[in-house]
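Shared between the two complexes below is chain A, which has chain B as its partner in the first and chain C in the second.
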Partner chain A sequence: MTAVPVPVAPIRSRRSFLRRRLPTTFVLGSIILLFHIVVAITGPLWSPYTFNKVGTGKPFENASTAHLFGTDGLGRDVFSRVVYGAPTVLILATTSTAIGVVLGSFIGLLSGYLGGWFDEVLMRIFDALISIPFLILALLIISAAGATAAGSPSLLIGVVAFIYTPRIARMARAVALDLVTRDFITAARARGDSAWSIVIREMLPNTTGTLLVEFAVRAGYAPILIGSLGFLGFGIRPPNPEWGLMISENRSAITTAPITVFGPVLVLASLVIGLNLFSDGLARLLGRSAQFGAQ
Partner chain B sequence: MLRRLILTRVLTSLGTLLLVSMFIFGAVELLPGDVARQIVGREASEQQLQIIRQQLGLDRPVVDRYLSWLGGALRLDFGNGIISKRPVIGIIAPRLRNTLILALAAFILYVPISLVFSLLSAGFRGRHIDALLSGVTLVTLSIPEFVMGTILLIIFASSLRWLPALSLIEDARNVGEALRALLMPALTLAIAMSAYAIRMLRDNLIEVLDSEYVLMATLKGLPRRNVLLQHALPNALGPALNVTALNLVYLIGGVVIVERIFSYPGLGSLLVDSISLRDAPLISAAALLVSATYILANLAADVGVLLLNPRLRTST
Partner chain C sequence: MGAASLLDVRNLTLDYRTAGGWLNVVNGVSFALEAGEAFGLVGESGCGKSTTAYALLGYRKPNSRLRTGSVYLAGEDLFALSVTELQRVRGSRVALVPQNPTTALSPGIRIGQQITETMRAHNIGTNDVARDARMLELLGRVWLPDPVRTAQKYPHQLSGGQQQRVVIALALACDPELIVLDEPTTGLDVTTQAQILALLSELRREQRMTMVYVTHNMGVVAAICDRVGVMYAGQLIEDAPADVLFRAPRHPYTRGLIDSVPGLQQPKRGRSIFMRGLLDRNALPNGCQFAPRCTFALESCFINPQRLEIIDDTHEVACERNSEIANLVAAQPPVEIVYTDAAGARTDAPLLTLENVSLGYGRGGLFANAQRLIVRDVTLEIRPGETYALVGESGSGKSTIARAIAGLNPLSGGAIQFGGVPLPSRVQGRSRETRRAIQLIFQNPDASLNPRQTVTQIIGRPLEMFFRLRGTELRERVASLLADVRLTPAYADRYPAQLSGGERQRVAIARALAAQPRLLLCDEILSALDASVQADILDLLRDLQARTGIAYLFISHDLAVVRALADRVGVLYRGVLCEAGQVEEVYTPPFHPYTEMLLSAVPEIGKTKLRTIVRSDASLSSSFNARGCPFADRCPRRISGVCETTPPPLRRVSETHALLCHIPLEELRNIVPDPIDTP
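Up next is the complex of A and B:
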């Protein structure tokens, strides 16, 4: 029996297929993010000191093998403080953005679906909220919350979520206005489904791509917002190791020990760059465009 | 038609501004602490407090006080600051002037930076320089203003010692010193704004470059430079005005941070200081002025786009 050669289509390995499909920015961003997550989780196990151990060296030492990022004014090891600060910023940024995206998309989709005066009034209010520069809005809320609440992580999460909600709602509403005219929504309405069920069961699944990209972009800006508030002295309170706060604390030593400022700066920038690359890649993957910035 | 469109846009902006004033008043109203006690001190008797409350009108209903505050604001009368006891407008006016100078300087740097780099990027699209610029702008967008400012400070003030670390513009003895004080804060703002604009303007330019009349111009044998500058650029500038309006958010929000980094005596640093000191009249006046500037600038940009681009006038 002679073997008959069967024409076989060349099989591409799954590996090369994946590599071809994934945008470079997505891969790069994921690697940077993964690095930050691993550091945040395992950091306390291998960091040379704890974040509040004072007197590990002289005040404001420059970089050395003992102190990679130098020491701050109280002789605390800046590198250890940066490592210990990683989980704070990751948790604050993701939870606040998640709350903003969930609230904003529900409100926006519902408002766009219902229309009428409800939509009109809500959007006017949101327009006004968006018209207050976000940093000033954040400062106003924090000062109104009072001295006892200021500096608590839950207040920061609330502030970022509050800033994001109207911006995300506007976007979700625009998507809803497009969806409302489609046949499957008309069909659901004819079935007698409630507005709530239409929003959750029909509209939400059709906006997941847009919302994912929105989440990634906003989460990329949240560390900047949190860091800026910390830098101004309205964020996480000392002695907690928050990057923006550390940059502001060590600024007095900018000439003698610049690494104490540059270390946290580098790490914060790398996290945001990672998040932005990731969302850019995610947007390309889903065939959408990502627009960075807080607006 | 055009007049009606513009009128609607103006009225919406005024409505938004009114809502914003309510938010700001409400937020400041929620500030913890008794204003009357803040003024006369801890040892004041209940009677003294009562008198101060009456003077300030704190015993009147909230709506009443909001309306009289708004009425005062329209006449630029924001009452007296709690800490300094001087009229708020007298404190704010020089700060506002400084901030406007800074914003103008940032803007003067921003326009050429974003034009040159977006033209380069679009002109050499898909080549190395385009990829490089795309990378650089993405990285720049990822760096917060306070980080960017701090990096500039490390380079120009502490390493090279070319520029002063503190931008105390009011102490400048001549124009040269004032410009040196302005350069770093203005550059920080300009870089942050340009990164955003370069990306947008590049995409707009490429869209225009792909249109048929640009192809026609190329087929006519016009040099690439002329096609880019005379045919593509004017049409890409319309949408760029929108980007510039968006950039005002960066400018106005960023001013708060940048002024703080360089100790620049502007409205932003005044706002942060007055929030730390809980000086309610000062906070509400500064916040209202900043928001009003933003809303009016946005309105101006929208009307500008309407006037420049006749195609937008037909849609509502």
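Up next is the complex of A and C:
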């Protein structure tokens, strides 16, 4: 019984996983986001009117070639206002989520690592915060901040970050609990590394994938949060063209000139969808790289 | 090997799909089995033996393809069958005993039900009553105590060894023609392993079972297989009856593999000279796959692909030079490498002393009642430059002791002294010098390195921390440490995912050495590695000790490896040190009965008879027998009435050797263990 020898094929580089197709959701999401970013940056250059030019047309006009989204109650072009409002929501959403993620991950990792009383107490406090519906919590904080502070972007950023921090902390803590059992953490402890050093040096690099995806997911939801606050009148003050605020301002014309409401609604929705697709695609991409990279 | 073979594997060639294309994993493997034969498939990890074994069930992983070849079971081509037909074959005609019994059993279904489920699926037994009866009979046949009660239990309520026996019962349920076992004893204690092997031997004898046994443990193969096939890089390179293979292996790789395995009765020995380096899949030549590592390789070996050739009636080798090599080796026996101890390393003052140390769960203090102690009253000392081995089964407390010395477990009693000074029990309380001087290496190389750090960062951290090295200085030191563990500087920028198990373990050793410790705590560092890699690292450890005078606390359950490395040994059972002494003393009579059991349980090449061990398991109930001897319930030599109630006295065999037993020394001295046949 002889074995026919078969030549062994050489192995090509492992890097070729990148050459394969990127996930569809990632591509789609990135396109939508890119579109929004481009509009946000270049908007003022090409938008037909400025956001506060009143009387460009009759109030609550329907869609037309001059006014793609019609006009609002003061005769301002809704489309231009949407365009001018784009950077606001993008910056608010990303900044507040970023702050929430950074704070939440540090606190969560540290809490997961230390365990014991610190972890228990902190997590119960966070549980309490999470259990309060976010809109109510946001309204509470904004009201408490007083009339002068209300409407400032920093307050909004602070509020959203405050809402996100406990949620992200819980995620990060879960990752920490898993990592803490691994021997390389034990080795670091046996060396005498401080808790902080372990969190930053050993644990954080292992959480970047998870946190990146968390960031994308939360950032996808932030525009809704900010829009909701704007709609209720607790967000950015008029005459700033914040989308939620615009939807609220124009809602009296929802039957006569529906485009003035649905224009901003659809644009907001598209941003949220874009962010969601992007975060989903990112998760797949990172998950896939973990599958092939670790060989 | 005629048409009457039960199993006929012909030219099996399988590829895996990877990111870089198709990777060949099994390359033209052919062998045949008669009914009633036990065939052992050995090789290092990654050689394709598991893939081949699973192919015997007509199974291949989703991302793989059968490039060519076939598997015939009693004349039927398994890969040509439809899914439904295969379902009928699997379980009833071919059964599998997989590696990890815990994951092989469904956690939410009772044991008995799982077995009857298999029977029902294959229409065995006329009704439920008949099936239950057969199920109970099976449980009894695999030596499970109290089958009626065991059948009602869930898998997590059984020990590892018991779970594995249930899996074997599952495999037997439908009386299959062929049983494939994929490393079934990996992860089990040596005594449990011996039980399973004895069980398998008995089943073979009684039932004429045909078996394919996949393993990397040569001793196990020698214990129960009739024939052995050795695989390397996907190819079957030698196929011979077991006794012939071990007596006169013809392929250089087989020789190397056999030489890598340390023996129980052999003193410290250098490693084999027939094999070097590690398998590098990116650099396989067109000819013989083993040529890059073979010390006998010639130009022609790299060019000509090797095929299996028949050299005797039953012996096949894939090496064109095998007869020349046989003559070469006969003429010149392998050189023994002798290690001289670092001069002056063995002074009298002990480096580490444990005095009456007790350890428990939790954070000391509150939980230190006698019932919950893991380690009880252990006293030992380690001198500079020596290797002290701590031997015991899982649950004996040996890892806990290592962690306590490293400062990760508080003491519940007793004291530890290091370098003559009391050692604070927590890491935080220790000076930097002390933290530097004691380093810990772990068992699992996958978990002990941070997957997001490069080798340089991993090794550099202790350098940065203890010696404040930075930049080029740091990189130079990292390179020299890599050289110490026999890795090239090219490894410096790699991530752990790009290293093999043996390489990762070396990086872990380099990290520990970076701190220039005086004591290295090795917690089962070799258990997860193949025999040849183990041999390499053992060699490395011996070399380092000879050069630097570092002391090792070497924890292991592998007695053969301990024999090859240790100066002194302590045998731990359930947290009590039963026997301690110089390694030669402990490995020869008089034995503590537990030591005797451990030694006889080790399957060895050349040991053709496996002693039947007492069938009782380590009982799962961890209620400590706080009064008598902890080993009393399992001891085959116990004196009933005495051993359970009174603590055994300390018997001094010599100045350096002592054990705890009620049986008088003269009687222990006269106990002669079963003779070990030497080759």
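Here, the second predicted complex is superposed on the first by the 266 of 295 C-alpha atoms of A that agree within 3 Å, B and C clash if a C-alpha of one lies under 4 Å from a C-alpha of the other, contacts with A are read in each partner's own complex, and residues count from 1 in each chain.
The criterion applied here is as follows: contacts are C-beta pairs under 8 Å (C-beta built on N, C-alpha and C of every residue); 3 or more make two chains touch, one makes a residue touch a chain.
Keep in mind it's a predicted model, so treat the numbers as computed, not measured.
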item	value
Which partner reaches more residues of chain A (counting touched residues only), chain B or chain C	B
First (chain B), second (chain C), both or neither touched by A:P258	first
Partner chain(s) touched by A:F231 [first = chain B, second = chain C, both, neither]	first
Overlap of the chain B and chain C footprints on chain A, listed as residue numbers	292-295
For the chain A and chain B complex, residues of the former touching the latter	124-125, 127-129, 131-136, 139-141, 143-144, 146-147, 220, 224, 227-228, 231-234, 244, 247-248, 251, 254-255, 258, 261-262, 265, 268-269, 272-273, 275-277, 280, 292-295
Of chain B, residues touching chain A in the complex	12, 15-17, 19-20, 23-24, 27-28, 30-32, 138-139, 141-147, 150-151, 153-154, 158-159, 165, 196, 246, 249-250, 252-253, 256-257, 260, 271-272, 275-276, 278, 283, 287, 290-291, 294-295, 298
Of all residues in chain A, those that touch chain C in their complex	1-14, 16-17, 182-184, 186-193, 201-202, 205-206, 208, 292-295
Residues on chain C engaged by chain A in the complex (per definition of touch)	1, 10-11, 13, 18-24, 27-32, 67-68, 233-236, 281-282, 284, 286, 289, 305-310, 316, 318, 406-408, 427-428, 430, 432, 435, 439-440, 442-444, 447-453, 461-462, 465, 497, 511, 515
